[in-house]
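Shared between the two complexes below is chain A, which pairs with chain B and chain C, respectively.
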Partner chain A sequence: MSLFSKENGEVFKSPLNLNNPVAVQVLGICSALAVTSQLKPAIVMGLSVTVITAFSNVIISLLRKTIPNRIRIIVQLVVVAALVTIVSNILKAYVYDVSVQLSVYVGLIITNCILMGRLEAFAMQNGPWESFLDGVGNGLGYAFVLVVVGFFRELLGFGTILGFQVIPDSCYMENGGLYFNNGMMTMPAMALILVACFIWAHRSINKEQ
Partner chain B sequence: MGLKKILDNMKPAFSEGGKLSAFGSLFDAAETFFFVPNETAKVRGAQIHDAIDSKRSIFFVVIALIPALLFGMYNIGLQHNIAIGACTEDICGCFLYGLAAMLPKIVVSYAVGLGIEVAIAQYKKEEVHEGFFVTGILIPMIVPVNCPLWILAVATAFAVIFAKEVFGGTGMNIFNPALVTRAFLFFAYPAMMSGDKVWVNENYIDCINGTVDGYSAATPLGQLGAGEPVTYSAMDTIIGTIPGSIGETSVIAIAIGAIILIWAGIASWKIIVSTFVGGALMAYVLPYSGAENFEWWEQLTVGGFAFGAVFMATDPVTAARTECGKYIYGFLIGAMAIIIRVLNPGFPEGMMLAILLMNVFAPLIDYCFVQSNINKRAKRAAK
Partner chain C sequence: MAKLNTNSNVYTIVYASVMVIIVAFLLAFVASSLKETQDANVARDVKGQILSSVNLRGEADVDGKYAEVITENENGTFTANINGEEKLIVPLKGAGLWGPIWGYISVNKDGETVYGAFFNHEGETAGLGARIVEEWFQTGFNGKKIFKDNEVALGVYKAGKAPSNLSADYVVDAVTGATLTSDGVRNMIQKCIAQYADAINAFKGGESKSCNAKPCCGEEQCEKADSCCVDSCADCASSCDECGACKAEKECGACCESDKTNK
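For the complex of A and B:
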């Protein structure tokens, strides 16, 4: 079987759209609400989850024939925990401010349902390369939702995108305009409604589901 | 009947397959607005048929709101004139000023809300429901005078879509849409809505009168929340010549509305009475610390307490439906509102949050009473 066969392409593409972990399987919602108040942490979080899902999938897939069935969850957790620790330390070393913003949520990737779900459902039955594609696909599918939600929350809640002022100062009420930032966008409650809107749009586009 | 003929002549164009069928739901709404429809629900099993349909019953609520609305308009002008130090004797002038401030809000609220409702009804091929006639007039009455129109439009759209249409439209909503509008404004634009220093119109309609810059008067609740002495007498708060949301200030105007609603049998007197009992009891038990010239019963006259109890808590869709449940529902609203006011300085006005909270619990209250009734009868039958 070639590396880029049609089946492998499907493994990679389906979690991006028709089998999206957040929009369709509704997994990983907690972190999607917690880290998306601005775009930058959302991007970093999405990439971290992608890296961890991909490599934990590969490692478990390589070990899958030697792991005794009764203790497989513990083994999976050890692998994920090791990867999370590595990613967390890398973030602290290179993007310290974002890592402070993300606070506990990097550590909590270990409890992200998407990870355990992919390990159990996919990596335990498939080879390393397919598992890698599956991990990257699911991670990017998750990251995509985070970026969309983070984009709107930062734009409407702070008037900025990636920290750059987008809505001109003169529009604001303090300076004689009529515009206000929407404070509700900075709260997790509004993130839930935005995720719901995303799911709504997604289902309207993909009617066949 | 000239109008009836005109409508009958227009009907074919709007029905299925006609030239203007895209606007069918709009036509249907207008027709049933003017005339009681011929078709009623089919009689099946045990049913009670009432001659009054929901459009007619909704209209009584709008009529009951008119005294509070008219007084609110007058009060806008009065507070504005007090703020700029102008003559406060000119009742007509005050009223016209308030009318000019109010009309755009009413228009925006109806245009946005009904626009969304008509679009969704047309999309789902249903009739336009009439619930928004009340919501549309309630929304402008519970927002601050100086709320920009675009914010009002955003909040109305949010409430109609997320509090009403996603649940299935009129009659299916869990939360009162007008209160969701206010809650959205409260959390999204706290600078506009914080409830402590509100709502004397500053400079939006300065074509009519002089303007004041940066003037804002404290409401009685704001003063209480900040631990300052209240500068309004009990008589002021009952008549309503105090700063506050447009419809909520005058207890007398609200009482007239309450009498109309109870007389017409639209609102449940049980909810209104038990809300006041709950509020009074809690206000007596839990006084503000250090508010000397503020009697416990004045809690019921300030802020949105009376307005909420009469027009919001009694919303038949979101309130408890069992007769005994209504007492519990109302009592807890009154008690919660006072608890939030007194104990949480972040929320000087607790009525909105109390009603929204009890909206969530109304089905649970109903469930308990229905279930206990079933158990009682089962026991009786077993004997």
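For the complex of A and C:
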């Protein structure tokens, strides 16, 4: 069986679009609301989840034949928690300002339903390589939604992208223009509405669902 | 090899124990090897917060700027040297709505006017209470007055809700929708600055002020010790009158003489 067979490609690609964890399975919504008020934390959160899903999938897949059935959820949790703790320590050491911004949400990756869902539904039945692809695919599918939501929230809420001003200063009310930032965008409720818009667009593009 | 019975009790217990021990060692190793970098980050963050309180926000070289501008004092305050002018930075700690809030506020040499302020929080509501970290709120403190009748009058109030005897010099506009956090900021400012009132007075007077209330009032306990503080010995008599504790002008004069010799 080749590493990049058609089935494996499907494992990787389907969570990016047709089986997107956020847009289709509606998992991981909570953190999608919390960390998307700006683009940078959204990207970091998406990458952290991708890394953690991929590696916890691999680890659980390697261990799957040895894990006692009665404590399998606990074993999965311990693996995820250990990885999350390591990632959060690394963030704190090397990108401190982002870790402050993400605050408790990195720790809450442990409770992200996408992780437990993939471990239980995929890694427990499949080999390490497929599980790795599945983890990366699902992580990126989640990250993609976060980045889209984060992009619009930062653009409309702050007039910036990744901290750079993109809406010219002269357009603002205080400088005689007609534009002002939409404060609603900075609030979590708006993320929910944007996620809903994303799902709407996603469904109308993929009619066959 | 015979297949292990992965459902036996012994296997389950051994498996769980081994797993937990491995994970514990792994986490302990990661945490201790990264601790130094993390502590340095935390220390740099605190320095950045202190610099923010003297309106030096977003410095690229926090450590360098901090070493250049800030001196730490023994009583927990900081002295900043901004373009040759000294500012006293007072640390603030208080309670917001959901958790601790803290900050730093810097005072001009007159011991009266706010030069800059910085606030931060642990878990205030995003978009509401959390906005106390934003610059527009913090710069609202610049140029405000702190003391009125020797009490800390500076406070954060909803528009129109400030006590009527307070002029706009003492009032900072509260954050909309975050009444409890704003109240927390006000309480924190008033409580913490009051605790450092002596330090601010000492900073204001500098070295010239040694003729303070205590020698004026002799052995007697002066109730309004603070209001007895005088800047020069010429003011001593009148200030003693206000104080009411030192009855004889002579006594007062004498103590001022002794103060002079102390100088």
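Criterion: the second predicted complex is superposed on the first by the 209 of 209 C-alpha atoms of A that agree within 3 Å, B and C clash if a C-alpha of one lies under 4 Å from a C-alpha of the other, contacts with A are read in each partner's own complex, and residues count from 1 in each chain.
To be clear about the criterion, a residue touches a chain if its C-beta (ideal position, glycine included) is under 8 Å from a C-beta of that chain, and two chains touch if they have at least 3 such contacts.
Predicted model only: the values in this text are computed from it and were never measured.
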item: Which of chain B and chain C A:L47 touches, first, second, both or neither; value: neither
item: First, second, both or neither for A:I86, with chain B first and chain C second; value: second
item: Chain B versus chain C as contact partner of A:I193, first or second or both or neither; value: first
item: Touched partner set for A:G183, first chain B, second chain C, both or neither; value: both
item: Residues of chain A touched, compared between chain B and chain C (which is higher); value: C
item: Touching partner for A:I71 - first (chain B), second (chain C), both, neither; value: second
item: Chain B and chain C footprints on chain A, overlapping residues; value: 183, 187
item: Complex contacts: residues of chain A adjacent to chain B; value: 173, 178, 180, 182-185, 187, 189, 193
item: Residues of chain C touching chain A in the complex; value: 4, 6-7, 11-12, 15-16, 19-20, 23, 26-27, 30-31, 34, 37-38, 41-42, 44-45, 123, 126-127
item: Partner chain A, residues of chain B touching it in the complex; value: 148, 150-151, 154, 162, 184, 187-192
item: Touch list for chain A against partner chain C, complex; value: 34, 37, 65-71, 74-75, 78-79, 82, 85-86, 89-90, 92-94, 96, 100, 103-104, 183, 186-188
